[in-house]
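Given below, in the form of structure tokens, are the structures.
Common to both upcoming complexes is subunit A, partnered first by subunit B, then by subunit C.
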Partner chain A sequence: MTTTARSLASVDGLQRLTIATPDRPLRLDNGRALDHVEIAYETWGKLSPAKDNVVIVCHALTGDQFAASENPVTGRPAWWPTMVGPGKPVDTNRFFVISTNVLGGCMGSTGPASRRPDGHVWGADFPHITVADMVRAQIALLDEMGIDDVFLAIGGSIGGMQVLQWTVQARGRVFAAIPIATAARQSAQNIGFYEVGRQAIMADPNWCDGAYVEQDKRPDRGLAVARMAAHITYVSEPALKRKFDRRLQDREALGFGFDADFQIESYLRHQGQSFVDRFDANSYLYITRAMDYFDLAADHGGQLANAFRGLDTRFCVFSFSSDWHYTPEESRNIVQALNAAGCDVSYVSIETDKGHDAFLLDEPEFEAAITGFIDAIAEARDLPPADEAKAMARGKGKARP
Partner chain B sequence: MTFPTGPSGGAFRARRADHVAISQFVNEGDLVLDVGCGDGQLMQLLQSERGARTRGLEVEQAGVNRCVARGLSVVQGDADNDLPVYPDRAFDVAILSKTIQELARPKFVMGELARIARRVIVSFRNYGHWKVRTALLTTGRVPSLGSSNPDWWSDGARRACSARDLADLAADLGLDITAACAVGGQPADASALKRLNWSAEEIVFVLERHSQ
Partner chain C sequence: MTTTARSLASVDGLQRLTIATPDRPLRLDNGRALDHVEIAYETWGKLSPAKDNVVIVCHALTGDQFAASENPVTGRPAWWPTMVGPGKPVDTNRFFVISTNVLGGCMGSTGPASRRPDGHVWGADFPHITVADMVRAQIALLDEMGIDDVFLAIGGSIGGMQVLQWTVQARGRVFAAIPIATAARQSAQNIGFYEVGRQAIMADPNWCDGAYVEQDKRPDRGLAVARMAAHITYVSEPALKRKFDRRLQDREALGFGFDADFQIESYLRHQGQSFVDRFDANSYLYITRAMDYFDLAADHGGQLANAFRGLDTRFCVFSFSSDWHYTPEESRNIVQALNAAGCDVSYVSIETDKGHDAFLLDEPEFEAAITGFIDAIAEARDLPPADEAKAMARGKGKARP
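Up next is the complex of A and B:
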């Protein structure tokens, strides 16, 4: 397969494909174009001969392509082990699962930390990108791989935005879509929170107007604060109360100082510190900006239903009751627009106190509903059932006629 | 001993009599909205035996999950609040199966269903039945319908109504009863209303907007 031959597994061990070259640039929503784009990706499972079992897993803001296996660069475990893997709802015995690092990301795909053709690092000169640009790059990757149709696109948060974008941008090429804990437009509240994070990064003297890589510096303090602020929005107050409440950290009494007296402070500081080791500050700026700019209705005459009209993609939308980052209300707006457009849609609201991050955690009701939906759409698509696929994956089964 | 078989000749499956009564008014290819669809039994019946395309609306998470796990398209939501977002005439048929007496705003919901579907099918427990009337007359107590438990609070109905009450509501909304039948009985037209209201414990109405 040409895919393997053209794949660039460089010294960092990441798998990449070139999806844009000077004679075939990637045109961006802001009017600029990128002459050289690599997209890093991972796959699991086997592509069926009919190429009808492709699942795209879209990652969230700080995620990467390692949904179902350990990240060799950071050593961190797979970020979605409850959802993707052998025998999991997105069963890698059945499906050919592709996850990419988004355009603008920092796990191997072209982004602000990449080098420009002139050898300098992009930094803040990297063009501003949108969710649509990210999806454009993913579609280009699949084109490179010789894959036309996507059986399922699934993802949470900004990954869910990409899923929605996939259905309208690769119109007619996406059989089913599972947008989770997401919105069709970024709320003012979320723009506000991410602006706080960006300001923290840009206020760090080590940010150097975005040129910190070339100056051999890192705006770690700013990035850590950005992560701390955002992390609060990913968890609910009931969960914070359950886990920490006002309990003190390694001390019997208040310290009358600015050390981490409270467990919640210590927890957030840890979240911030561990984040800077694995994420690029400029990528954080660019990806959060892409989220702010996301407004699917605005791209379709102000009517979200217009974006979806005529789609025969089957949707299953999920939200979590205690998610105040992307609220159930935002999901209901998507569902209402899909209904207004006459689309085939299911909507499941999961009761949980785990907040936005619930989609990454062990939620049996959530997994059961996703499994049911995927089994049903696989049957509608005439894909072999799970047990048969498993036997085939082991090489014991017979090929279907 | 022989076992009854379904219309398709397949093995007998437990089918609720009210579902069977409703399904006779659904045609092949109809796009159907089942409001208060529970765990999706009726939708499955309409798909497999009537060749209909179905969508469901259900308030309980457990019901929604079971539907989605069965491959049915269901939106978690509430008939009293979530219908206005559906466009006019989005469906061929809207169904309220034993749900109307449990709604907070039955008139509003009926009006909305008549807006979003060309045909509305309503099944309900008939509190005009002679047993109800005589029980009320002789015992002074409102009897319970559809439940072996005689307690008046046991059958889930928020508002007890009779066939005549529902016919009045339909008329008020500008809807005609184009067909009616007792669950387990034969289809009839609106002229059978008096008889049905006296003799049928459970009734299905098919409602359509007055033709111009």
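Up next is the complex of A and C:
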């Protein structure tokens, strides 16, 4: 296996692999198929000769494949530096880490911003996708790379949905799974919040029924409102109080106007405005819709335990006490179903006031628990311990020209 | 006192009183003044000879003065039929009930949709208002009606903020107060949610920098999104699960599109679309801003207890267990401050999964507790018992021509 980041870099600086062609289309849950699919991805570390050290990192709604290195397109730093890297819980000295941009995304993978075979941009004609379709594309990518088995699948939020889906869909190929701050089914409240965001985007006249790229417009204002609405759900009320409370922004007294008087307003406006520079509005529509559609039990006779029955994957489920977007209760439902199915499962509930976004932030207890689980499963898989892997990586490093 | 609904009806069928003129302007918290202010209102029941049976009902963000009778403009039924009416907890056989449309509102009171003296519609040039300004206008209305004392002020949400403000601002004139599902200060999370709504409205090109009335346009799509975002916060997650969960709307299977697949989507879209027919977008901006600005302690040296010190008003504070818009904790903060100030206060926490909107819905325990409190304060005020009042009302009714 000689695949590296460099050798696969495509013209625009993002590395991609073609995983579907007219001869070998990607079949989708909605009955349609895509004749041409590229998946953009990044890797870190080195594939072991036994190909037994593969970690797949699944990103959340607005993430991308740049979990552990700077995004060269946006210039933004790695989105999961606390978790993935040399000496981090997902140790790139030890593991061959792959992160893909999801199908439907906007960082190089085929999605609504891609061109159809006829040269036009897909826009809202892009077929609707599901979390299972995203995972199907990731499995196809690994097949293309000659990788059969995944040592660990890890991800938070919709990344956690993908992790659950991986274990079920690539049955027998996933040794361990860490679904974080996620749910086995999207709640009515979350469908509601994402529907608000979609309506905000589709209400923007610059959305042009989804054809804004072809019409050289951008529904930035609608997308910013969508991001603002969603962002509130990623943060707990106590954290908003701690960080902002009613403090004023750059002023001594109330302004009696509609400018951002309060820091919380200024913060949310910034979240909205900076988001539109790095994300595609149609991707936001399609990925949120895939989240809404996620209901793992529904595909297994309405019983979540049925989805998991017979799996020998080791699970470690994480939730955060103040997460009200994907609540600890929803994680416990996953754990109960795994227990009912007789699966190997641990559950870690982290006490924090940081809300849903805690999985992206510096949470020492969270990182320590992930490290502990990974060390245990690595031992169960007979992988070399972290120190040895690090020494080997150093040795290799020195031997390079 | 012979003021009745009929005699004050103005040309467009709404009854109003002028409470400010160029000689007697209404001074606002932001330092500006309004030279012409009309307040639209409704009354039910009959003012007692001693003028000691006045109840003021304060409406919430999207409410109006039609607490106990059909709104003749929208055709919508009374918004508080469980609470106000003959034989109801606020018994119109017993009390003279007044409900005003708030200053800045859009049901007949002066607000951004009103015309300035120069004939142009105010729009976004309307001065910013506060909850204290709203109450100042209500006090002026009662002064105009020759009423000095309020037996009871009652209201939920921003109506509850007005109730708290009434006790402080009309010091010594309010015998009892029932603030429901409210807070003494708007939280950062709530400022955030209303900021999302304002941004949605102001992002709508039909908002026209607030001058849409003059330009014969309506920012309906933005206002609908604002309403959808806010509405989610009025309902608890368990209630959304109970009422909608993931049930599909008029279909057997997922539609793989952006139509309303789920009942929750259809419900929220309906909430948004029906709202724009009855509410003015600029009023939404101004009233939500007044809510953001509400911080009763800030006006009293940062100590909420200071606001209440020396009041002999009897308080009964209500909260609902599943209300996450104005949480029980925020009600308890009010109760603690009232206790610290040595005030007469009861606190009732209602167990329900109906969330913030519970105060508008049929909640027998809530209604019973309100009735109990009102009976007790009526006795303390030496008002005739409910039965006697009813008999008197019946007697009067029979004697009318």
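Simple rule for what comes next: the second predicted complex is superposed on the first by the 387 of 401 C-alpha atoms of A that agree within 3 Å, B and C clash if a C-alpha of one lies under 4 Å from a C-alpha of the other, contacts with A are read in each partner's own complex, and residues count from 1 in each chain.
Operating definition for what follows: contacts are C-beta pairs under 8 Å (C-beta built on N, C-alpha and C of every residue); 3 or more make two chains touch, one makes a residue touch a chain.
Quick caveat, the model's predicted, so the values are computed rather than measured.
Look at A:A380: by the touch rule set out above, it reaches subunit B but stays clear of subunit C. Here subunit B and subunit C are compared by how many residues of subunit A each touches, and C touches more. Contacts of A:L268 after superposition: subunit C is touched, whereas subunit B is not reached.
In the superposition on chain A, A:G342 contacts subunit B only, with no contact to subunit C. Once chain A of one complex is fitted onto chain A of the other, the partner contacts of A:A391 are absent, as it touches neither subunit B nor subunit C. In the superposed model, A:A297 lies in contact with neither subunit B nor subunit C.
Looking at the shared chain after the overlay, A:L248 reaches neither subunit B nor subunit C. Looking at the shared chain after the overlay, A:C316 reaches subunit B, while subunit C stays out of its contact range. Listed in rising order, the residues of subunit A touching subunit B in the complex are 314, 316, 332, 335-336, 339-340, 342, 344-351, 365, 368-369, 371-373, 375-377, 379-380.
Residues 55, 61, 64-65, 67-77, 82, 85-87, 90 of subunit B are the ones that touch subunit A when the two sit in their complex. Touching subunit A in their complex are the following residues of subunit C: 29-30, 124, 127-128, 185-189, 191-193, 195-196, 198-200, 202-205, 221-222, 224-225, 228-229, 232, 237, 240-241, 243-246, 254, 256-258, 260-262, 264-265, 268-269, 272, 285, 289, 292-293, 295, 298, 324.
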